[in-house]
Amino acid sequence: MSNISDTPASLGVDRQTFLKPVRQALGRISGQAVPAPPAVDPQLVRLASASEDVVSLFAQRAGEVGMTVCRIKSDELIRTVSELLEKVGAKRVAASVGSLPQAVSLNDSLRRKGVEVVDWRATPGFAEQYGLDAGITDVHAALAETGTLICSSDAGHSRGLSLVPPVHVAIVRQSDILPDMVDYWARLRGIPGRELPSSQAFITGPSKTADIEGILITGVHGPGQVFIVVVEGV
Amino acid sequence: MSSTPSESTTSGHDTGKPVGLSVNGHDLLFPPLPYDIHARADKATADKQLLDFVHVATYRKDVTRRQVTSAAFGEKHGDFRELGAAIKQHTLDHLDHYIEKFVDNATAAGVRVHFAQDAAQANAICLDIARRAGAKLCVKSKSMVTEETQLLPQLEAIGVETVETDLGEFILQLDHDAPSHIVTPMIHKNRQSVARAFERELGAPYTEDPQELTQIARAHLREKYRKADLGISGGNFLVAETGSVVICTNEGNGRFCTSAPRVHVAFVGIEKLVPTFEHLGVMLKLLARTSTGQPLTVYTHVMTGPRRAHEHGGPDEMHVILLDNGRTEILKPETREMLRCIRCGACLNACPVYRKVGGHSYGAVYSGPIGALITPMFRGLANYPDLPNASSLCGACYEACPVKINIPKYLIQLRAEMVSKRITKWSDRLVYRMWARSLGRSWTYRLGGWAQKLFFRWQARVAGTLELGDPYRSRGWLNDLPGPAGGWTSQRDMPTPPAKSFRQWWDEQNRP
Amino acid sequence: MKVSLFVTCLTDTFYPRTGIAVVKVLERLGCAVDFPQAQTCCGQPMFNNGFTDEARELARRMVEVFEDSEYVVTPSGSCCAMIHDYYPQLFKDDPAMAERARKLVEKTYEFYQFLLTVVKVDLRSLGAKWSGKVTYHYSCHLRGLGMTDEAVRLIQQIEGVEYVPLPKAEQCCGFGGTFAMKYPQISGTLVRDKVACIRDTRAAAVVSNDAGCTMNISGSCRRENHAVTFLSLAEIIAESLGLMEATAV
C-alpha cells in the first residue's frame, strides 16, 4: 500500500491548466490583486452577546436541540457523571477529559463503582470504541447562541468519543461557553502559530434523521443521547 | 419510466416481484436527451401519494424556514442574506485566487488536492486512490457531486463495495432508486417501501416503525464503518485561508466516513469556497436555518488535513478532488450568480411546481428551481428545454434563497437564450412576434382585443354559458378551446370578456 | 394629484369593471385621472417567454406613452412588477432610454400601493362599508414589489367585512401566463389546490388583485363547482364607498 507522499502525478490536470478556464470566465490574470472580502461585521453577525446570561442561554438552546443539560458545582462533577452513567446503564466507557483537574479521580471513581474505563489510546482508530456504552469528553468550546459543543481532535482527544458510543457525556466548564460562533473564530485567531486540529466537530444535538417520512429519529449513526454537564464557576 | 414512488412501492409487493428493482436510479437522473418533462410531470401530478408526501413535507419545511429565520435573525434577516450573497459573490468573482489559496493551505496541512475538469477525470482520480489504497469497502456520505459524476458504479466495477451511509441515500441505494431532493433525498418514499427494501436486501424482519428501521440501518452500517478502508464525502464549504473542508450533516455518518477509514476522499465543486472561518460562520448560520430550520446541523465537521502524528483516529490520507465539470461555463458574468448556491434546498421546498411534480420530474441530479437553472447550464439548454419554462415565475424561490439568487430572472434569461439560439419552436417564435407586433400599435391592439372578445363570446353563446346583464361584468365560460388554449380548458374553464371593454366605458364617459 | 391609469390589456378586455373602480376610487380621493389612449401592453408576455427584443419595443412604447404623467397607477401587481423589475435592465445598452425607464419606474404604482404610500388612505375615515365574508388571494408578483399584508390591511379597514385568511396563501395559483397552457397538469394541480383552500375558508368572495390569477382561479372554481364571487381590491373598495353597486354575496 502506497503512502500519500509517493503517489505520482494525479490523473486529473495540473493546477494551472485547471485554473485557466476559471480565469478566462472571470477575465482575470494570474496573480491579479484581489480586493478585501466582505467585512463580517460582528454587530450584524452576532446573534448572542456576552451581556446575556450565556450559561442559561447555552443550557436553553442545547435543550431545544435535544441534548440534556444539567448545571452543577465543581465538587459535584464526579457524582453527577457516575449517576448519569448509572442511569443509562453504561458499564463500559472511555473518557478524554484531560483539561479537567478531576480527570484522574473521575476514572478512579468510576472504576471503583464497577464501570470499566477503557483506554481508547491502546488501539488505533475507533476499534476499541465500537463496544463502548458511553463516551465522556470535555469540550474545546461551547456556543450559547446555537447550543453547540465544539470537540476538536488532538493528542488527548479522539474523534470518536463524541460519535461512536450511543451515549455522549460532555463536560462543559462555564469558561468554555462563548456567546456566539464569531467569538470562537476570534479565539482561534488569537492563538498565533497554532496548528489547526485535523478535526473540529461542532455538535448541536444528538444524531438525528428525518429521512423516513419526515419523522424525527435520534441515534442514527452517532449518539442518540447527549448529556451536557455544565460546571459552573470554573 | 418510474419517477414516482407508487411504482417502486406498491407494484412489486403484490406480484411477489422484488419491490423497487424495476426502478433504475440511473435512468431517473440521466434520462435520454433531449428530456421532455411532460410524461413524468403528468404522472407525478396524478399520484396522490407523491402529492401527500412531497407537498406536505415541503410545505412544512417552508413554514419552518420562515418561522426559524425570522425568530433567529429578526430584523437582521435581510442584511444577513445580503452578506451571505456578497461573500459568495466576492469569492466567485475572484475564484482563481481563492482556489490557489485553498490548494496552498490544504497542501500545507497534508491534504493531497487533485484537479478534475470533468466527471471522468474526477472518477479516474478516485479509482486510482482506491486502487493504491487497496480498498475493498468504501463508506460514502451524501454528496451531490458524486451523483453528478456517477461514481458509484465505477467503484463497484473495480471491486470496491461502496455503501451509501446517509439513511435516505442508503435506502435509495438498496431500493435502486435515486434521490429526489438535494437535502432530503427520499422525500418521495414511504416507510413501507423502506420496510420491504430492508426485508428483501438485508434479511431484516419486516417492520414499519421508523425507529426500528433506523436501528436496523445503524447496526448494518456500523459493521461497514468498522471494516471500511475508504471513506468518500462531499463538501459543503472549502475555507481558503485554512485549507479546510467542511461538511454539514445530521446523522453522524459524515463524521464516520471522514474519520473511520484510513483514506478519505472529498469530492467538491469549485463554487464551494469561502475566504475565511469568519465567512464560513456567516454561511453556516444561514445554511441550517434555511435548509432544515435547525440552528446548525447536528454535526458541522471542519476538517483540516489528515490525522496529525499525535492524534488518534482520523484518516492517514486525505484527498480533495476539486471539480469543474461545467462550472466554469456558469462562472461567466451573465450566469455567475447561480454558483452562489449553497444547496440548502429552500427553493425546492418553497417551489409550487416542485411540490407538485417531485424531484424526479426534473430528470437530473439537481432538481427544483436551482436545478432548472443549473441543469441546462451543465447539460445543455437544448437537452432540457422544459426546465426553464416549467415555472410560473412566482418568485417564491428567490424569496427563500439565503444567498439571494434571482432565480426567476435567470429562468427568463435562459428562455431568452432559447429564443436567440432558436431552441424555441419556430411556431412559438412566430406567434410571439405577431402578438408583439399587434400590441405595438393602438389600432391593432384594439382590433385584437375586439376579435378575441367576439370569438370567445360567440363560442360561449354556442355553448349556452353566456350571461347577459352588466356589460362590464357579465360574461360567458368556455370549457373546450382549440389549439394551445386547450391546455387551459383541459384543467379549468376560461372566462370570456364581458360585452364592453374598459376603453369603451372611458369613451362613453366622454372623457379626454 | 394627477394620475394616469395604466389599465393593462387583461383588465381592459376581461375585467373592465376593475378599471372603472380604480377611476372612481381615485377620483373620490381627489385625484385627477387620465387615460392615455395609446397604451397597450407592458410587454410581460414577450419578456417572460424570452422575446426580449419584442418586449423592449413595447417597453419603449410604455415609456413614451407615460412620459408626461405625474403618477402611473395600475391595478396589476404583475404588470407593475414587470416595469419595476425589468424595464431599466431592458435598456442597459441605451443609457438615455434607461434613464427614462427609471423615471417611469419611480412614478409607477400598483393601485393599492398608491393608496397606501402616496394617498395614505384610511378607509375607516371615509366610512367604507361592505357586508360579507371575504378572503384574499396574494398574487405572487406583489412579492416582488415587497407588498405582503398591505392589501389585507385595507380590506380590514372596511366596516362589515369578515376577513378570513386564505390557507397556504403564499403558494402560487399556477397561472404564470403561458405556463398555464404549456404545462396544464402542473398548473391545474396548483389551481385546484388553491380552490380547495378557498373552499376551506367558506368565504363568499375572493378579493384577487391580478387579472391573470383571477381568470385562472375563477375558471377552476367554476370547473370544480365551487360558487364564490371574485372581486378586485378596487372593486370592493369602490363598492364599500358607495361608488359602485354593491355585489350581493
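The letters A, B and C name the chains in turn, as written, and every chain counts its residues from 1.
What we mean here is this: contacts are C-beta pairs under 8 Å (C-beta built on N, C-alpha and C of every residue); 3 or more make two chains touch, one makes a residue touch a chain.
These numbers were taken from a predicted model, which means no experiment stands behind them.
Undergrad: Based on the averaged CA atom positions, which chain is farthest from chain C?
TA: Comparing chain centres, A lies farthest from chain C.
Undergrad: Which two chains are joined by the greatest number of C-beta pairs in contact?
TA: Summing C-beta contacts for every pairing gives the maximum at A-B.
Undergrad: How many angstrom lie between the CA centroids of chain A and chain C, rounded to a whole number?
TA: The answer is 53 Å.
Undergrad: Measuring centre to centre with CA averages, how many angstrom lie between chain B and chain C?
TA: Chain centres of chain B and chain C, defined by C-alpha means, are spaced 32 Å apart.
Undergrad: Which chain B residues sit where two or more other chains touch them?
TA: none
Undergrad: Please give the residue numbers of chain A that touch chain B in the complex, ascending.
TA: 1-4, 7, 10-15, 17-19, 21-28, 30, 32, 34-35, 37-38, 40-41, 44-45, 47, 61, 65, 120-121, 124-127, 130, 145-148, 153-155, 158-160, 163, 181-182, 185, 188-189, 195-215, 217, 219-223
Undergrad: Quick check on the complex: what are the chain B residues that touch chain A?
TA: Interface residues on chain B, with respect to chain A: 53, 57, 60, 72-73, 76, 79-80, 83, 86-87, 90-91, 93-97, 99-100, 103, 109-110, 112, 114-117, 121-122, 124-125, 128-129, 132-134, 165-168, 171, 184-187, 190-191, 194, 210-211, 213-215, 217-218, 221-222, 225-226, 242, 244, 250-253, 255-256, 259-260, 270, 275-279, 281-282, 284-285, 292, 294-308, 310-314, 316-318, 321-322, 324, 328-329, 331-333, 336.
Undergrad: For a test of understanding, state which residues of chain C touch chain B in their complex under the given definition.
TA: 7, 9, 11-14, 16-17, 19-20, 23, 34-35, 37-38, 40-41, 43, 45-52, 54-55, 57-58, 61, 85, 140-141, 143-144, 168, 170-172, 174-193, 215-216, 218-220, 222-223
Undergrad: Given the complex with chain C, which residues does chain B contribute to the contact?
TA: My answer: residues 37-38, 41-42, 45-46, 51, 55, 59, 352-353, 355-357, 386, 389-396, 399, 409, 412, 414-420, 424, 428-429, 432-433, 435-437, 439-442, 445, 449, 452-453, 470, 472-473, 475, 477, 479, 484-488, 490-495, 497-498, 500-506, 511-512.
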